[in-house]
Amino acid sequence: MTKPKVGIFGLTGCAGCQLEILNLEEQVLNLLALIDVSYWRMAQELPADPTNLDIAFIEGSITNEEEIHEVKEIRENANLVITIGSCAGSGGVQGMRNIMDNDKVKAAAYKDLSGVRSVPVKGVDEVIKVDYKIRGCPINRDDFVSIVTSLLLGRQPHVWNSPVCNECSMQNNDCFFERTTETPIYRSNICLGPITEAGCGARCPSNGMPCDGCRGLTSDPHISQLVTEARKRGETTEKILMLAKRYSAGSSAVKKSFEEMR
Amino acid sequence: MSEDKRINLEYIARVEGYGQLVVDIENQQLKEAQFRVLEGARFFEGIVSGKKHHEVPIIISRICAICSVSHSVVSTRAIERAIGVEPSEQTHALRKLLIYSETIQSHVLHEYFLALPDYLGKTSAIDLASTHPELVAKAFYGKKLGNDMQRIIGGRAIHPIRNVIGGFSKFATTEELTNLRDRLPQLIDETMETIKILASLPDQPTIGSRRDFVAIHDPSEYAYYDTDQLISGHSGPFPAADYQEHLLEEIRPYSHTKFSTLKGESFMVGALPRLNLNHANLTETGKEAFEYSRLILPDYDTFHNNMAQLIETVDCAQLSINLLDRFIADGFEKENFEYDLHPGNGTAATEAPRGLLIHQYTFDEDLRCSYSDVITPTAFNQLKMETDCEDLVPRIATKPKEEIELLLNMLVRAYDPCISCSAHSMKVDVKFV
Amino acid sequence: MKNKENPYIPFDATITSIKELNRFSKSYRFDSPEIRELNYEPGQFFEITIYGVGQSVIGATDSMFDEGFELAVLNTGGLVSSKLHQLEVGNVVGIRGPFGKPFPMDEFKGKNMLFICAGIGFWPVRSAIKHVLANRSDFGKMNVILGVREPSLFCYVNEVEEWIARDDITVQQTVDGIPEGEQWNGEVGLITVLTDKFEIDNPEDWVVLCVGPPVAFKFIGMSLNNRGFTDDQIYVSLERKMKCGIGKCNNCLIDGRVYVCQNGAVFTLAEVKALPGGLD
Amino acid sequence: MATYHPLIAPVPNGEDFVFAEVKSSKEIAFSFDKTKKSLKEFLLKPEEVLMTASFTEGKAKPAPIDDTMKILFGARPCDITALELFDQVFSIDYDDPYYLSHRKNTIILGLNCLNLCKNGFCGITESFAPKKGYDIMFTELPGEKFLVESGSLTGEKLIHKSMNVEGVKEEDRIPIIQTFKSMNDNLSNEKSLAGISSIMALDHQALWDEYGEKCLACNLCTSVCPTCWCFTVHERIAVSADDLSDVTKTEKYRHWTSCLFKDYHTVSGGHVFNPTTASRLEFYYKHKFKGIPEKFGVLGCVGCGRCVSACPVGIDIRESLERLTNVEIDIYEPSESSESSESSESSDVITELRL
C-alpha cells in the first residue's frame, strides 16, 4: 500500500477540528505510518508541499475573497477533498451573520469597518466540489480515524442515516422534549436531536445539554413537526430556525431544506 | 556592510491559526515590524447579539478551540454576574479544575511540539520524535492527561459541554476522578525533568526589555480563574471591571489594528507575567519547579515564557491533585439552578493558558445579549510582539537572514499566540508578498 | 442453514473470475469448499459480505453446478456494490445463504414457460432459464422476453445468441431507446410492446416468471392479463431491504407481516397484489 | 448462588427508574412505577458485535458472547409477557445465539404489580399475569412479606436455597386475586383487542396522516418498547482513535433501528418503500397488531404505556387503539398515595434472598 499524500488546510474557524486530529495523541505517529502528511501548517514548519495531494482535508469556512481563491487551488491540487467540521461543511457559527443584520453584526464587533473585507460566510462546497464531509463542531477523532482508514482501504465511509435520537435513546438519557417541567436557566427547551444526523454518540444529551445540531440535518429531517412542537412550548418559528441554523447558515442546501419546509 | 532585509514570516508555522510577521530591516535598523492575522474576520460580538443568555457560552467558545475551556468558563461567569446568578463554591472549584486541565494540555502542546523543537534545532515535533522519543512520549502523556481531564470534567476535550450558567449539567464519577488523580504525579515528575533540561541548554536567546505585564490577581492563591482584580508589574492592582479604562485601546497611524496599551505602553500577558506577579502563591510543588528553572524574578525576557509555562504545568498538576482529592472524598452536591434572572451587565477576567482573557456582556429585559466585548490574550500581546522586535532586532541585526528569521520565529512562538482567537477582534489588512 | 450454529456468520469465498456484463455491471464467480457443498435453487438469493464494508443481497444468476457459483452485480454507487466493483480475482468475500423461497420449478413441470426479464431482472431469471434448459424435456414451450434501457446494456449476449440459435426456445428482445452512436435493429419500446402481442393458445398451460423493478410489474401484469394470464400464473421476485436474511430483523417486512426474505422473495403476482404496498 | 452474580435492578434516575447494576439491595427502588425502558436491552443489546474478521482475508469468526450469569430483579408482568414474543422471535426457524445466550444467562425475577401504573393498559392487552417467562415471580404481601412463585427449575432451586419459605396461607392470596380481578373487570371484561388484526387490515389513512403530521420519527417509542426488536446490521473497520495499529480489523455488528426511519425503508439504489411518516406509522401499528399476532400468536403490544410516556409530541397508543377499535381505554393517572408505600421495610425479605 503506497502512502497517500495528505494535506490539512485551515480556513477561518477555531482550529478545533485540526486540534482534534492532534488529540489522537500518540496515535498520531501510527497515523503518520499510514499517510504522508505533506502539508499541515498547524503542525509543520515550511517548506510544505500543497500540490499533487491524494487527500486534502479542509477546516474552516470561507469568509473572504482570498479563501475562495485558496480552496479553488486546493481542489486543483487534490484528488479527494474532504471537509472537516461544520465551518467547512456548512459555514459554522460565524455563518450566522448571513442570516442576521450584517451591518449591525459587523458594527458590534468593530468600531471602524474600513479595513474589514469579508464576503458572506460559505461552506467549502459552495465554491468547489467536496467529496466527503466529516461532520460536527468539532469533529470527533473516532469519526476522523474511521473515515481515514476507510479511504485507505478503498471503502466508502459509513453514514448513519438516522437522527441523534437513535443513539441517544440507546442510553439512559432523559429526553429534553419529554419533560413538561420548567426549563432550567442554563439551556434551551428545544433539542435538535430529531432532525440532526447521528454519529456523535449523542454527545451533548449524554452530558445534560440538548442537541444543538452541529452535525447538520439528517437525510430525512422532520422540520415542520419539530417547529410545531417547539411552538407549543412557546418558541417562535424565527427563533427555532435561528437555532437550527446555528452551524449551517453558510450552506445553500440547508437553506433550501428550510425553505421547502415552509 | 549594510544590507536591507525584508523578512516576511508568512504563516508562522506551529502556532494555532495563521499569522504573519513582517519585519523591515534597513541599514541594520528596524524600520517597521507588523504582526498580522491572515484569518478572516468572524464578528463574534455581532453574532451573539440578540442571543439568549444560555446560547452565548456555546457560541462564544468557538472563538478558539485551544482556549475553548477558558472562553466557556469566563463567558458563563460574566453572564452570571450580568443576570444575577451566583453559583456554588463547588462550581467555582470545578471550573478551576477545568482551567487547570486546559492549561496543562495547552502548555504541554506548546512546549513540546511548538517551542522545544526550536531549542533543540528541530523543525517539528515529528522531527523531534526521531531524536528525542522520550520528550515526545512525555508530551503525549501530558497532553492526553490534560485532554482526558477536560473530557471527564467538561464532557468534551474541545468546546466543553457540562460547564453551564449556574453550574455543571453533569458530574464525573468517582472512578473517573480517581483515574485522573493517579496519573498526575507522573506528569509532575516528567515536567520537572524537562525544566532541568531546558534550564541547562546553553546559548539561549535573550531580549533586553523592561516592558510591563498584566495578570489577574488573588491575594490567597495563584490565580487562573476569575478574580476581581487585575495587577500590573509597574502600577499595582485595579478592579477587573474597569479594564476598559486601564487597558486602553488605541489606533496607531501605521496600522488599522487596535492596540491595547497600559498607560500608552505595550504590555505582556501570559505565563511569564503570571509568574512574575503571583509567584508567591505557587504551590510547594510549583515552588520546587521554580527553583529548578533558575529564573530570577522579575523576569522581563519574553523567551522565558516557555520556562514559565513548564512551571505552571507543574503547579496546575498539583492544584488539580488537591481538588481531585477533595471531590473523590466528598463527592458532588446537586446544583441549585433556581434563580430570578434580571437584566444587567457583567465582566469576568480569567487566565487562558496564553494570558489574560476578558469577557463583558449586557443583557436586556428579554435576557438577550445587547452588548458584548471580548478581549483575547493574543490581542493584548499584539503590540508587545511588535515592540519586542524593536528591542530584539538591534541586537541581532548583523546576523545572517536565516538566523534572524529563526530568532523572530522563536520570539513570536514564545507568546504561544493563538491567532484564531485574535482574528475576531483584530482588523485584518493583508498584504500578500 | 437451519442447523448452522450461528446464522449470522458468513463463510469465505475467493473470487475466481470476473466478467464485465456491461458498463455498469460485472459478474463474479467464486469458489471455496463451502460453495462446492452449496445447494440452492433458482430464485433463491445470497447475502454477500465485503468484510469491513457491508453486506448486500444478490440473487443467484446461474443454475447449480452448471458453471459454478456466480453472482452478477450492478454498481449502484452504494457502499457494497461500488466496493465489489473494485475487487479483483483472488480477493475474499463472505457469503451467507441461500435464503428465501425458490421458484417452484417442480410445480412447473409440463408447463409452457414464459420468462420476462426487465433490466437486471434478467440475472435471477437466468438461473431458472438455465434450469429449464438443463431439464428441457420436463417442460413445454419456452419463451424469453428481454428488455433493457439501451442496446449496450444487454448482458450475457453470447449466451443469449446461443439460445436464439436453438429451435426449442424463442427469444425476443427490446430496448427502451437507442442513444446516439449505438446500433440496434430490433424492437424499440418498453417491454410491454412484446408482452402485448405475445401469442398464446391455452393460457392455463403457461407459467410466467417475471423479474424487474416492482413498478414494471403493474404494467406487465396488466399486459399479461389482457393476453389471458391470471395473476396466480405470474411469478415475480420482490426487492426489499434485507439485513439478516433469516426473518429476524424486520427490515424486509411488507404490510407489517410478510417477510420478503422468508416468505419470498418469489411470490405470485396475485399474492403481491393482495399485499398493501407490495407493488410500491 | 445469587450472591455471586451481578444483580440488575430498578434504581432511581432523575424522575424515572432505570435498570442498572446494583452493589447492594439498598440501592434498589422497590416502589417503582415501572422502568423507563424495558428490560430488552439486557437480552437484545442496543449494539452488539456479531462477528470479527480481517478486511483483506476474511476468516470470520463469531464474536465472543458475554455469557456471565446475571440476575435481573424487578421485571414487571408486561416485560415478562413481552419475553414470550422475543423467545419465539429469536428461536423460530433460526436460533439467534446472542439473544439466546443472554436469555439463558439472565435469571428473571419478576415483581407483580399491585397497582395500575402510569399510562399502562395491560388489562386490555391481557399481559398482567404471565404464566411463564420468569424464574421467580414475587408479589408483595402485607406485613413485609413476599409471595414467591417459581417459573423454572432455576427459580425453584433459588427459592429453596436462598430464602426462608413458609407455607402460603390462602388469605395471603386475597389481595393479589383482588387486584388481578379488578384489572380484569375494569379493563378487559368488555374491552378487548380481539379482532384488532382484522381491523388493522382496513383503511385508516386519515389516522396515519394525522399522526404523520405530528410524529418526529425520533424512535423514542420503539426504543422503550418491550416488543420492538428491529435491528440493522453493518460492517465497520474496528479501528479506534486509541489504537490505529491494525487497520484491517473488521466487525459485523448490529444495533437497534426503527421502522420510523427513512433508512429502514431504503434499498440499494435509493428507492424508499415507505416514504412518508404516515406510512411508517401504519407499518408500525400493522406489525404490532396484525403481523405479530398472525405469526407468533401474541399481540405485539403488552400495554405497558412506555411509548406514551416517551413520545415527545404526545402521540398516545391508547387513543389510536380507541379510534381503531372503538373500545374506550381508561387513562389511569396514579396519585401519590396509590404508589406502593413499603420501600425500606421490604428490603429485609430481599436481604434474605442474598441478592
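Labels for the chains are A, B, C and D, by order of writing; each one numbers its residues from 1.
Convention: a residue touches a chain if its C-beta (ideal position, glycine included) is under 8 Å from a C-beta of that chain, and two chains touch if they have at least 3 such contacts.
Remember, predicted model here, so these are calculated numbers, not experimental data.
Peer 1: So which chains count as neighbours of both subunit B and subunit C?
Peer 2: Where subunit B and subunit C share a partner, that partner set is A.
Peer 1: By number of C-beta pairs in contact, which chain pair leads?
Peer 2: The chain pair sharing the largest number of C-beta contacts is A-B.
Peer 1: Most remote chain relative to subunit A, going by C-alpha centroids?
Peer 2: Ranked by distance of C-alpha centres from subunit A, the top chain is C.
Peer 1: Find me the chain with the mean Cα position closest to the mean of all the protein Cα atoms on display.
Peer 2: A
Peer 1: Based only on mean CA positions, could you tell me how far subunit B sits from subunit D in angstrom?
Peer 2: Averaging C-alpha atoms per chain gives centres 52 Å apart.
Peer 1: Between subunit A and subunit C, what distance separates the C-alpha centroids? Give it in angstrom.
Peer 2: Here the centre of subunit C sits 43 Å away from the centre of subunit A.
Peer 1: Quick check: how many Å separate the C-alpha centres of subunit A and subunit B?
Peer 2: Using C-alpha averages as centres, the distance is 26 Å.
Peer 1: I'd like to verify one number: the distance from the centre of subunit A to the centre of subunit D, where each centre is the average of its C-alpha atoms, in whole angstrom.
Peer 2: That gives a centre separation of 37 Å.
Peer 1: Which positions in subunit A touch two or more other chains at once?
Peer 2: 23, 153, 155, 158
Peer 1: Counting only residues that touch at least 2 other chains, which ones in subunit C make the list?
Peer 2: Only 52-53 qualify.
Peer 1: Could you tell me which residues belong to subunit B and also touch two or more other chains?
Peer 2: none
Peer 1: What graph shape do the protein chains here make by touch: line, ring, star, complete or other?
Peer 2: Chain contacts: none of line, ring, star or complete; other.
Peer 1: For this entry, which pairs of chains touch?
Peer 2: Listed by label, chains in contact pair as A-B, A-C, A-D, C-D.
Peer 1: Inside the complex, what are the residues of subunit B that reach subunit A?
Peer 2: 11, 13-14, 16-18, 38-47, 49-50, 52-55, 58-59, 62-66, 68, 85, 109, 113, 123-126, 129, 137, 140, 143-144, 147, 155-159, 161-162, 164-167, 169-170, 251, 256, 337, 339, 341, 371-372, 420-421, 423-425, 427-430, 432
Peer 1: Taking the touch rule as given, give the residues of subunit C at its contact with subunit A in the complex, in rising order.
Peer 2: Answer in residue numbers: 52-53, 79, 82-83, 86.
Peer 1: Under the stated contact criterion, what part of subunit D meets subunit C in this complex?
Peer 2: It is residues 50-51, 53-62, 89-90, 92-97, 200, 229-237, 248, 250, 252, 254, 257, 259, 264-270, 273-274, 279, 282-288, 290-291, 294-295 of subunit D that touch subunit C.
Peer 1: Quick check: in the complex, which residue numbers of subunit D touch subunit A?
Peer 2: Its residues touching subunit A are 13-16, 18, 20, 36-37, 41, 46-47, 55, 213-220, 223-224, 234, 236-237, 239-245, 247-248, 255-258, 261-263, 266, 277, 309-313.
Peer 1: Which residues, counting only subunit A, touch subunit D once they are in their complex?
Peer 2: Touch list, subunit A to subunit D: 23-24, 27, 30-31, 34, 141-142, 144-146, 149-150, 152-153, 155, 158, 161-163, 165-166, 169-172, 174-175, 177-179, 193-195, 219-220, 222, 225-226, 228-229.
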